[in-house]
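To start, the structure itself, in structure tokens.
Should a chain be cited, it is by its letter among A, B, C and D, assigned in written order, with residues numbered from 1 in that chain.
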Amino acid sequence: MGQGLKNRGCTRADVDERRAAVEEFSSTKLNAIASYTIDPESARSNIENMIGCIQIPLGFVGPLHVIGEYANGEFLVPMATTEGALLASVNRGCSLVNAGGGVYVRIVGDAMTRAPVFRTKGVSHSLEAIKWITENIDAVREAAEATTGHGKLIGLETFPNGRNLFLRFSFHTADAMGMNMCTIATEAAARLIEKETGAVMISVSGNMCMDKKPAAINMISGRGKTVIADCTIPAYAVKERMHTTVEAVVDTNYRKNLVGSAMAGSLGQNAHAANMLAAMFIATGQDPAQVVEGSMTSTLCEEVAGDLYISVRIPSLEIGTVGGGTKLPTQAEALEIMGCRGTGKSRKLGEIMAAAVLAGELSTLGAQAAGHLGKAHAKLGR
Amino acid sequence: MGQGLKNRGCTRADVDERRAAVEEFSSTKLNAIASYTIDPESARSNIENMIGCIQIPLGFVGPLHVIGEYANGEFLVPMATTEGALLASVNRGCSLVNAGGGVYVRIVGDAMTRAPVFRTKGVSHSLEAIKWITENIDAVREAAEATTGHGKLIGLETFPNGRNLFLRFSFHTADAMGMNMCTIATEAAARLIEKETGAVMISVSGNMCMDKKPAAINMISGRGKTVIADCTIPAYAVKERMHTTVEAVVDTNYRKNLVGSAMAGSLGQNAHAANMLAAMFIATGQDPAQVVEGSMTSTLCEEVAGDLYISVRIPSLEIGTVGGGTKLPTQAEALEIMGCRGTGKSRKLGEIMAAAVLAGELSTLGAQAAGHLGKAHAKLGR
Amino acid sequence: MGQGLKNRGCTRADVDERRAAVEEFSSTKLNAIASYTIDPESARSNIENMIGCIQIPLGFVGPLHVIGEYANGEFLVPMATTEGALLASVNRGCSLVNAGGGVYVRIVGDAMTRAPVFRTKGVSHSLEAIKWITENIDAVREAAEATTGHGKLIGLETFPNGRNLFLRFSFHTADAMGMNMCTIATEAAARLIEKETGAVMISVSGNMCMDKKPAAINMISGRGKTVIADCTIPAYAVKERMHTTVEAVVDTNYRKNLVGSAMAGSLGQNAHAANMLAAMFIATGQDPAQVVEGSMTSTLCEEVAGDLYISVRIPSLEIGTVGGGTKLPTQAEALEIMGCRGTGKSRKLGEIMAAAVLAGELSTLGAQAAGHLGKAHAKLGR
Amino acid sequence: MGQGLKNRGCTRADVDERRAAVEEFSSTKLNAIASYTIDPESARSNIENMIGCIQIPLGFVGPLHVIGEYANGEFLVPMATTEGALLASVNRGCSLVNAGGGVYVRIVGDAMTRAPVFRTKGVSHSLEAIKWITENIDAVREAAEATTGHGKLIGLETFPNGRNLFLRFSFHTADAMGMNMCTIATEAAARLIEKETGAVMISVSGNMCMDKKPAAINMISGRGKTVIADCTIPAYAVKERMHTTVEAVVDTNYRKNLVGSAMAGSLGQNAHAANMLAAMFIATGQDPAQVVEGSMTSTLCEEVAGDLYISVRIPSLEIGTVGGGTKLPTQAEALEIMGCRGTGKSRKLGEIMAAAVLAGELSTLGAQAAGHLGKAHAKLGR
């Protein structure tokens, strides 16, 4: 078998042909993978070399009461996972936050970044290039924005270091997650900068962006949406539904999420934000590799007037409601469940996701505080 | 609608009933989500509140030549994604590494960790507890291993800090990813320690484990499998298939992955390891939230005798070939494509995954070196 | 002996009396400590409970050719240390950079920060407080600047997280290192914010400042002066004076400072920037605890046209030429050697320090490349 | 003036001659620097190019009640600084910890590390080298220990990554800080490894050591002494002497040292451990650049039965009581004040230093809790 891209077709017949070749090469039968229902033509821009589909069980949690600027009311939240006990746990969290009147949530930052690295002749040359950029920021913006109907350049930071010059471009990208939009716009701007300054673009992504790797710069400054959320859970609900106390949850969060995370050299401090994010990302056609950035969430708990105050800060939530996997049939339906499909919906989606992360954090902290994490897993058969 | 867990059934009828409730609640039609083929009873331990399935397009890359201790020969590697251009890119990488004779890969660490945090009375009490543990390590091991048929306690590190005592347990977990096995075994050991020392377990997971959050402790010491791999790509192949030069790729890796990552405060230095890991994790039923740890990969390039040497180190690859999502029909078939289903296969899977990560890193570095990352995305229609 | 502050006097007699008490308490004779020559009254604002002086051997390196915006020409650089071989090494580095025509150096950032943390009622309250601050930034500035003759508020970033609101104030502080100026000005602004918003200031220093602790925020965004410098060393000089090759130095820097630092989870990547900074800080009356921030320096080497290009980026160089220890007699003289005493000199000092750090990095990398670090230490008798 | 090392003499006349040359070069008079009393011959192995001494005001704090394994009783602690208010503050902390019955302190780790980096041919070669080392660890130890009378090799970790192989050697170094001892011993072992395995040592210090740079590896695993200490301060003392409450101090530590440090991407979480360490390091002839590692201290506070529990963990305290600057006259006397001069005293010194760090942390947290940090600085005239 030659390298697999020779048949480049996207029809079901093309998919069948390729899958048959895989079956032959690997002496397997791929009946389940073949049993998909979506039209492969619709996935033309989502994958190459398609041979079928993976089916991920989809469930939901909720209703979850969200008090956002864009999402207001009760929502069912779809989650796709193969990790038993996750939805049961988040669902319990939803019940608790509802008892607390819902999750208050706001988006405090919203920008996608791309940071090309240029090779210069050294410090002097880098500073000349920065000077040119500063003086010609309008031309740079124009070059970038000419490539896109929706992207708006809203910031440009400069980081010179030796013969390297990093430029961190920030864009508003409307309802797309927007990384590709950024890449294309940044490249156009970078080409202008190359031409005018003599700095040579080495990579349009110089890793100060920073995409799909955990990095302090995103934890501190944000990438995609920066979302903060909180809720106060009445003491009685903590007792009745989590079988523990406010004090125990606060103590657990302190020793585990604050002290333990710090001693481990972690970026972020949370229990399992990545679990909720991964399940929602897969359900709604987001890029699951960007769960990495979301995992730098900060979860905090305090006792306030006897009740349990809990908050999350997700510094870097990279999501969209148009483009990418969002338009595939099952994913589009999952977005529809929350009324988050298409234009004008990405902030609403971000708010719901943050609220669900909070619910999941709450439930797991409660379970650990009650001392039965191991038992919960054992009972649910994993 | 009450909190969604009331109908706890797992039959297709139960799923239908729940989905109908969701449709009504959200005024949607979920036809695509309903069009799944796997038996929901088989997903009983993977999800609660199931209403259907998300279909993720599955493709493959390869053949990929792997020279491992467990995986030897040519493999097709299944990847599930909605990110266009990814498989085409990784596939090109496979072609390149094959031209280099394949990817040499070895597993240098293999242990799953759990680190409970205990509350003690202070430094003196923590040291007494450590003393007891040290002197009674056999009893601790026995308590832990009594809970599991496969897990073996192979290490226990102690980190006292004020009134906190963290114990980092390491287990061999055979072919399971093993986190739940660890959790249960650790909890049993912890209960013994509590009883004998008076230290109070606050959380069985004290975040020095550290699961699904990026943390230096795992980047340095590893969690799950630590895998290293390398390959030397002939200069002609770099030129003909990536349209760039060895020097340009090395320079790109240096400025982007080394300098850029360092300036961003990143854990790990790579181009997009998380992309390949997420696509393979979803295809094979791994826990996608654990892509977080895998994203701390280190990718290095050097010119050696005119050719391109490239290597990856994945410090923390948390995978299994039994348990979790691996037994679901589509996922099991995906494993089968690589001959990685079931007992005795997890190391083989780890080797193939590392080789595929290397191929993906190579291709993206080449594309960026050739200066057309933006163009590639534009052309593939995203 | 009661707690030592009862005698609060600053005369030589007071110092003698206290020292005698210490001698009695500890059954020692402190003759060397007693043999100081500076007037203790002049140290009144530098120390309490004075009993004498520690003498630190002072040497110098240079001449060092600096091509700065403020420092131009050849400088002798005073360094106080007890670490043998350090000055010999840096001096060799000076000779090398002079052979390269001197160190080009520029200051690209200059601001001192203070970040109080406030306790709020939660997300909603934090956002209200931020809104008030944004709308009343002139009043905030006025409150801050009313406390200082030199400080100018030049930035204010907001970081809300749960019931915590961090405000990162940035000030121009003229030629003082300026941390206390910042603290006082920030506190005044914070009191206004407290009064108007109901947010409660918990600490004027909420550790997002961040002083005397290593933190990504300062590595990325800078604190104090951010200085970049470079130099190209001719290949012949590398060979003749360092007994190694350009290629070997570049390779050493790559494997040690880039790869090794990354694998260790380091902030910054350098050989021993802290050594030069500590020696110059002590010589010139800077705060030696702020060497911590300076230690996050990035050192990079490349081969350019056969010669050795070397650069440093010191993201966070917190220094002054007025205030603090700079006015003590020996320290003031050390500043005078470089023409850096008093008003209008702090940027000049920053440029010279960065150049000296580069020289020291170069020499150590050369020594390690030549494979004789161990031998060098052995020979110099340590 | 040629490069300054031509006159290599160490007599007072040599020092005078060099100083005169500096005075002429820089058109200064260096009378204070000339007014030193120590014999420059005694500093022969501590500095090159000596021209005099810097005088750092020395004070003391205490008595400080220490309950260590090596240090037991009341100690006066010498501190050299130019930062006003520091000693007054630490002294107040001493009074408070004495009210709490003293600081309980223990050393839980004690090893100096050196991590050379080798260049290998790749993964396969690195693993062969590791195999050889594992099988010949006795020969490696013998080679290392042959170079030293006191050093004992107690650990060797291996970190292969591409064509890089890092070996982290750990040594017991008796009462020397021991870095040079380690360097020499490691180099000897490395030469043997080079010869037997063909791996090429690129640098004896490959930055996984890691010296004088902030790095997670040392925060987690320790370097030099790892020291933990705690104390419980009665509520009345908090109120009467710090004019604040237990609750306020705990809250300050939480928001500042835990939350703020985490959000800043810090290694360690403390208020100003580096201040105390720098002042004690300078007083006692330690290497002040190693304050960097000490700055990764963790400070924790809790309310326990109404009183204030406070603890510190200093993961990496690199100190000695022989060698380096400890033998200079003023520094030796400072050590003598604590009964910490010479052989058999380094652990005692480590315990006292940790106790003093705790006292300083306590006082500053109290001051910030009481809301008058700005005012304290203003009043003491800085």
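As a convention for this text, a contact is a pair of C-beta atoms (placed from the backbone, for glycine too) under 8 Å apart; a residue touches a chain by one contact, two chains touch by 3 or more.
This is a predicted model, so every value here is computed, not measured.
Centroid analysis (C-alpha atoms only) places D farthest from subunit A.
Interface comparison, A-D versus B-D: the higher number of contacting C-beta pairs is recorded for B-D.
For the pair subunit A and subunit D, the distance between C-alpha centroids works out to 41 Å.
If each chain is reduced to the centroid of its CA atoms, subunit C and subunit D end up 17 Å from each other.
Chain centres here are Cα means. That of subunit B falls 38 Å from that of subunit D. Counting partner chains per residue, subunit A has residues 159, 161-162, 164, 216-217, 219-220, 259, 261, 263-265, 267-269, 298, 300 touching two or more of them.
Taken in their complex, subunit C has these residues touching subunit A: 104-106, 108, 122-124, 126-127, 159-164, 216-217, 219-221, 228-230, 232, 265, 298, 300, 302, 304, 309, 311-313. For subunit D in complex with subunit A, the touching residues are 216, 219-220, 254, 258-259, 261-265, 267-269, 298, 300.
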